[in-house]
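Two complexes come next, and they have one chain in common, chain A, joined by chain B in the first and chain C in the second.
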Partner chain A sequence: MMTATPTEVTTVTLSINGQSVTAPAGTLLIEVCKKLGTEVPAFCYYEGFSLQAACRMCLVEIEKFPKLQASCTIPVSEGMVVRTESPAVVAARKDMLEFLLSNHPLDCPVCDKGGECELQDMTFRYGAGESRFTEIKVHTPEKQWSPVVFYDAPRCILCYRCVRVCDEGLGVGALGIQYRGVGAEIIPNMGDHLNCDECGACIDICPVGALTSGAYRYKTRPWEMNHVGTVCTHCSNGCKTTLGVRTDEIIRGNNRDSSGINGEFLCGKGRYAFDFNKHEDRLTSPLIRKDGQLVEVSWSEALKAVATKFSETQAAGGSFGVIGGVHSTNEENYFLQKFARQGLKTANLDHQRTGDVPALLDALSGKSDVLATTDDLYNTAAALVIGSDLAQQHPFLAYQLRANGRHHNARVYTVTPGKVREADYAAASLTYGSTSELFGKLDELRDRLKAEPELVILFSDAIKGADVAKLVAYGDSLGITVKYVALVDYSNSRGALDMGLLPTLGPGYHAAPVNGLAAPDMLAAGLDVLWVVGADSGKGNAKFTVVQDMFLTPTAAAADIVLPSASAYEKSGTVTNVCGQVQKLKPAVRTMGTKPDLEIMGLIAREMGLNLGIWTHDHVLTEIRSGVAGYNVPLPIIQTGGAAQAQPVNGRVPLDGRPELVQSAQDTLFTSGTLGRYSKALTSVIEYPGKLYSDNQ
Partner chain B sequence: MTFSPDLEARFEKLVASYPEGRTRSAVIPMLMYAQDELGAVTPELVAEVAKRCKVPPIQVEEVIGYYSMLHRKPQGKYHVQVCTNISCLLVGGEELYHHASKKLGIGHKQTTADGIFSLEEVECMGACSWAPAVEIDYTFHHHVTPEKLDQLLDGLKKPQ
Partner chain C sequence: MLFNEPHPLETRVLTKRMHEPGYNGTVEAYERYGGYKQFLKAVEMTPDDIIGEVKTSNLRGRGGAGFPTGMKWGFVPRQSSKPKYIVVNGDESEPGTCKDRVLIENDPHLLIEGCLIAARVVGAERGYVYIRGEYRYLIDIMERAIDEAYRAGWLGQNIKGTGINFDLRAHSGAGAYECGEESALLESLEGKRGNPRIRPPFPAVAGLYASPTVLNNVETFAAVPSILEMGGKAWADLGIEKAGGTKLTCLTGHFNKPGVYELTLGFPVEKMINEVGGGVRGGRKMKAFIPGGSSCPVLTGDEAWPLTMDYDSMAKAGSMLGSGGVILMDETTDMVKAALRIMHFYAHESCGWCIPCREGTAWLKKLLTRLDAGSGSARDIDLVGDLAKNMLGRTFCPLGDAAALPTMSIVKKFRHEFEAKLSRPVSVPVTSPDQLVSLG
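After this line comes the complex of A and B, so read on.
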């Protein structure tokens, strides 16, 4: 573990409800109670954010203190005698709830939060059954601040959680409190609307139903949903998201149970952009081009047509090209490369490359424990971000670094082509005009970084090819422990590389037996058959194109056969995030007419009479675990919703010397490659399409 | 946005008088001084103060919403503030407020047509010991009676 050197802590002994406990001096009383299993109700106190002491729910009795004390702001001290259930405390809780409810509309039967509401729960447990207030309740109409954020002031209990998560957690600071007393309410940064990340963190953290989400509001009662923990299918950060599903429809994405690598964090894509799944343009039937037009056909006709075309081309000695996807599972990508190399006997295999992982692994040859995890970003003493607008392109990684800065005073350094949000707390933030200046800027930081105890370097496609080795040499020159993250764009960009969707590298970065063509060369070559699985690569000069996709992308629209595939929210299998952490998907819904890519490939193989092994995710995973270097990840961890870091080769990696093929798509918070176009949640916000390195962040 | 040299100097001193990372403490005094010079808190001022104090603009908005002495609209040349909180109320603060309102022909947070006076009913100004109290701009007036208020206002109205 990389943690800052712990300073000597003294412990104190105190008594809570007659029980003697010891705790490090300075720990908050409410935390000590929690550890002891003694519940102290709290609204405004929220672990990880600044103290507010606004709600007074956490009052406890402490001997020698004249009045009840807010346990959320009192550090424990030697000899304290605390009572959390004395008659005075019980009465105070009742009174606080009576105050909180004095203007509350109590519209629980129609409130989104009903059943999951902390105010309901506390009133149930500690509240009074009646109120002494006879005044008319202040009512104000609900307000829409954006397509995804709504605010209902009468329900608000002014706990400031939303304000703090937005300001401290995200670094956005879009929410505030206006006026005072009974008129006090939360306000958005643009007067009557929001201009922000649209991440919905404020909605999730709200203990009551004051902030509600455009995607979910008034759609269901929470207990009518099933909750499916899976992995977000947008960016490479690999956040776990818990999908709320009712009658085969996803209606909510959140991670309130804090499971997974990301705790409660999700950006807007993880929280709302599941809506592409039910977009009306979703393909639900195979299509074959007949007389120039793509027409719907049955699965059996389509599969037979693909198999026949593949077999005939093979028999005639024709050429193939295969382009795989960056959202497909590891199993699908592994199976696809096997299909290409063993089945079609072609080495023309590629995918959309967005970060130079092979070059990094090659440069790190001989070193071990040098690839950072998302946990490391929260624990490292220092981090250096190169060439990425992290808060936009890698929201969760940015969140980890910011939390690290807030909780452990980590130093963050950025060297980017423009202003980034990290600059507001960074130890140093340098900008460069062109990538040729990049290493010069790094030299400027050298002495400061040398003084750090350790460092994690995150770098984008701004550093690729030979520059990666140069960067590692720079890291070596610092004389401290350095770990690396090669930033890639999409949910399984890393897995596509690890599984060998490359013309020169097989699974596990081993040299491919034969070298093939890279994607642009395939498109230019006028191959007899181009097979595109989950990518919008274009068809180039290919004579015949088979596309597997969820939508009629430009590539699919130009294809000869189109097979409708299932989304990541509809299948199992594993994906690997930007830090190499492997996680398991869980199917949440199904879309009639579609099939997972793995099944489609398996069925084509069967039609062709090829024996490529059993095509279930579990079976292929077993093959990957035993055959792909570094993928022998512990099953119990990934099967129970955890993440395990794959440890790829420690050795030289033969590079194809084509760094120009590595290109980040530069997605913002509101775009997500092809998928983003089909998410109305993303395209409907005013911030869409967003801008990297924008001055006003 | 730039201010008069005097105010700029004042701001410079202000910002420097708080520890590193605590410049947010300068938000209230900055707004007050700038309001005196500009006549009101304008949206540009909000952005400027946020920038200088290194806080999100919305935190400046919060302060303006909370403190009644910060105004978004220009006040009269003389801003008359009458306290009607408990101590003043007990000794005629409310009558005083109504008297002022009638005499000036304006209500709470309004300005006379000639732009000379604006009136505001304010919360406790910390002058309870000398209640009822009236504050005109930054000057306190203690144990104010309707007659005393008349004299005060008439005195101010005379061209000086």
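After this line comes the complex of A and C, so read on.
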């Protein structure tokens, strides 16, 4: 339990514009003003990052100080008398903007940032009506630093936000300053190009149009887009990404409203890798194999063909196998397992398993409140990372831990196969050669961890099967509060498990009525029909294969019937992230000819005359909330874009004893399975001439 | 090398050895003239007694800001468990100032002894002499002196059996005026870009490597041995009330006998110019006078003549004693060009950290270039004063003020010269874009 004694917070009373305010001593004046609702403009001040006091926009008048003071670096003190709108302050802001605009190119009509530019907004609100600058401006040509990052030095106001977010936020430190005075500019770590995460946080945080995105630049005016807040469909971290949509095309991904669980954060996948969605290889028509060739057919013909095949096979007592997807929604996965178990009466059901959640839940049986959320990673006093290069595989979780270390001095311990980025600030960082050495390494940390007040343990597929129980026993032995995260790979890997896409477990980790075959066994079993929904599992020696996918994957190319499905950015439903937090998808665009998997399954059921219930996503969600243990998540939270943690079964889980099937794909920041292969933004970074971008710096 | 012959009106305290025949600044020579005795005396004194003497001496920081040295040393938390550091600011970059080089070049052991005494006061075991990059040859001299001091046992472990350990290193700057600002100097010394730091905390509490640091100008450290030698009171009595001792004064510009002279605080300007400096070049009239480096507001000749060289007298006249870099401009001086030259320097040296300094100095340089070329307008003259005023007091560090103050004073006091250029036919083209971009 937390043993820290509550420290008494001393408060001070000060006056801001004649209004008396009480605030904890030491709070920055600019923060107190913000809480009061008094706007003090600033460019360089950015909550959560180190102080600069460089832009001088936040100058305010404080009695007894001879000069105006930068409110971003002044801690409030008792009796302070502050004026934020006095003539001297108003004049100073106006003058600072005049200085800023003196070399700013004012190419606002063609600047990407025009319309959502902080410099424009500030000039509108605080600037002078006329310009007195008649000299020739300093100009340097624009530079391309990477396939996705461009820098236009003349527009740069040198607020150093990008430098700080890269260094402090991401732990990459790829940006710095070169030259001085009016010639000072931001410089990338390789001199003329970047070798970094390509996360684009620098672009997002730039208040002006100095840093622009290769994926977005010169595509649109910001106000011509609709902004759709949904959940990134790549890794399992479940970051909110706000998609900028114009004429049914996703043009931009960012998280400027900071409204998701990820706050500021977004990695390159969430920011750029939406482009798979309009890849020219997207399937837009159902395909049926005729004379050995897959040929385009109408939806009605394809659905009829599938239904007929399913019904005939069932009537003939044939065998089925169903493999679900790790990017599909909870509703789709729930409906799929229901279709398989109730409709097709088969127990052969599986998906690509990447983390041993069932074993963790089993080992935690009888304990409550032991599953960490992404918030816990930011607030815990200590964390232990086992087996995963978080910065590559779980960038948001890595960001949370780093922010926790920076803001709360949290101790992070890592036990990983190789050097990881966390080692730069970790309290201890151990490496192991083979997983057999892993518990030995953990023993080395035991005494230090015992001294921590609490701990969050994140573990990869390096720990699975019986080792998971051993890990929980290790956690118990520490005598402190321990929470766990079983790391999984993809956007709904966790949901696929929770929804029971397993041969031995039904929804909510309850024992399936009948045990079936796991995926590799299905592929080898010579099944009469293999149905693959959103996975590239291969068809094995199945006699007939139906595949639902966005692309003609090797599995789809070998299939007998292929049904083009909608992407996560084209449908509604919920997904569950690595920490079990349920969030709602919002459709941003549509691709002609595709259908969401749930609709496809529903239509097949109807065609077969099966009654599997109403198959709209909200009805299926209602069924999940009432029927799946732990999924009774509060609707208002997820409907409004929030995240609610599912509380899965608290009891023994019947395990199938096949830990070898749990295998992480070890994706990097630039790979993301099939979706990554069809994202030109990601492949452009990997394939950039000269292979400038290594996966692991 | 000494710039000049000694002058009888000088009061040579810090420079007393260097003019002796055959004095070569080696450790042997320094010891022969009583060197390092004050350090041994300091070892016998308590730190508080030493600080007391320094306070009594009224020694004020010789780098330009004039902060009382004894008080500054008193701020250092001596009981802190962190290591303490001594840092010598030898980044002497203020235009018109060339005194620290004279001290380092001719009597480096005086500086080392000053450092040792400061180290004794705060319990520092490591010190750095930060020397401006352009003074490359001084690094060699300083390093040679440090080597000698190690060999003679004045640096290192258990110095002369006192139990005091002190290591000293010379460190080269890389050519940035900004690194003379104490917090930027510390950043630079730590191997970072020489940007100024947010203060507080001040270096006395959290300086080099976030540890308590005594950071003073070369001349300040060099003054300390003589304070202990003479006693704080006697040293203070050399000068005037509130400003004790002597000051190395650099007479630059249109003097007949420019050079570095050690004068007591409170020395009359008139005597300094006419007698020490040998009068204004060619017997001309003095048009403008800068008392302490180019960042001080410019005084007209009429304003300057009756003043005395000390902090308060100069402050009363609306300028500053600064670093002691006197710049005298005779009646032939083109004040618009002078303003441009000064702004050229500050635009070149602005580090780029904060907006008003970065943009203001560059803009002012362009404006002054245009005014000097005769293609300005009356509105531009007002704009020069206005932009300088807009920088003043709003920048992150004092560099912005340093650029603003002389400019504002020149526009105010020599406006007629700006106006005279307006009527000149525009025969010179407006500077080409290339020239405007390059600050070199």
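Note that in this section the second predicted complex is superposed on the first by the 679 of 697 C-alpha atoms of A that agree within 3 Å, B and C clash if a C-alpha of one lies under 4 Å from a C-alpha of the other, contacts with A are read in each partner's own complex, and residues count from 1 in each chain.
By definition in this document, contacts are C-beta pairs under 8 Å (C-beta built on N, C-alpha and C of every residue); 3 or more make two chains touch, one makes a residue touch a chain.
The structure displayed is predicted, hence computed values, not measured ones.
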Superposed on chain A, are chain B and chain C clashing or fitting side by side?
clash
Classify the contacts of A:167 with the two partner chains as first (chain B alone), second (chain C alone), both, or neither.
first
Of the two partners chain B and chain C, indicate the one touching more residues belonging to chain A.
C
Regarding the shared-chain residue A:177, is it in contact with chain B (first), chain C (second), both, or neither?
both
A:128 in the overlay: touching chain B, chain C, both, or neither? Say first, second, both or neither.
neither
Using the touch definition from the top, say if A:469 reaches chain B (first), chain C (second), both or neither.
neither
So in the superposed three-chain picture, is A:158 touching just chain B, just chain C, both, or none of them (first/second/both/neither)?
second
Touching chain B in one complex and chain C in the other: list those residues of chain A.
176-177, 179-180
Could you please specify the touching residues of chain B with respect to chain A in the complex?
55-59, 61-62, 65-66
Note: in the complex, chain C contacts chain A through residues 176, 178, 193, 198, 347-356, 358-363, 366-367, 370, 383, 390, 393-396, 433, 436-437, 439
As the complex stands, chain A meets chain C at residues 51, 53-57, 59, 66-68, 70, 73, 92, 95-96, 98-100, 102-103, 132-133, 135-136, 138-139, 157-158, 176-177, 179-184
Help me check something: in the complex, which residues belonging to chain A touch chain B?
167, 172-180, 187-189
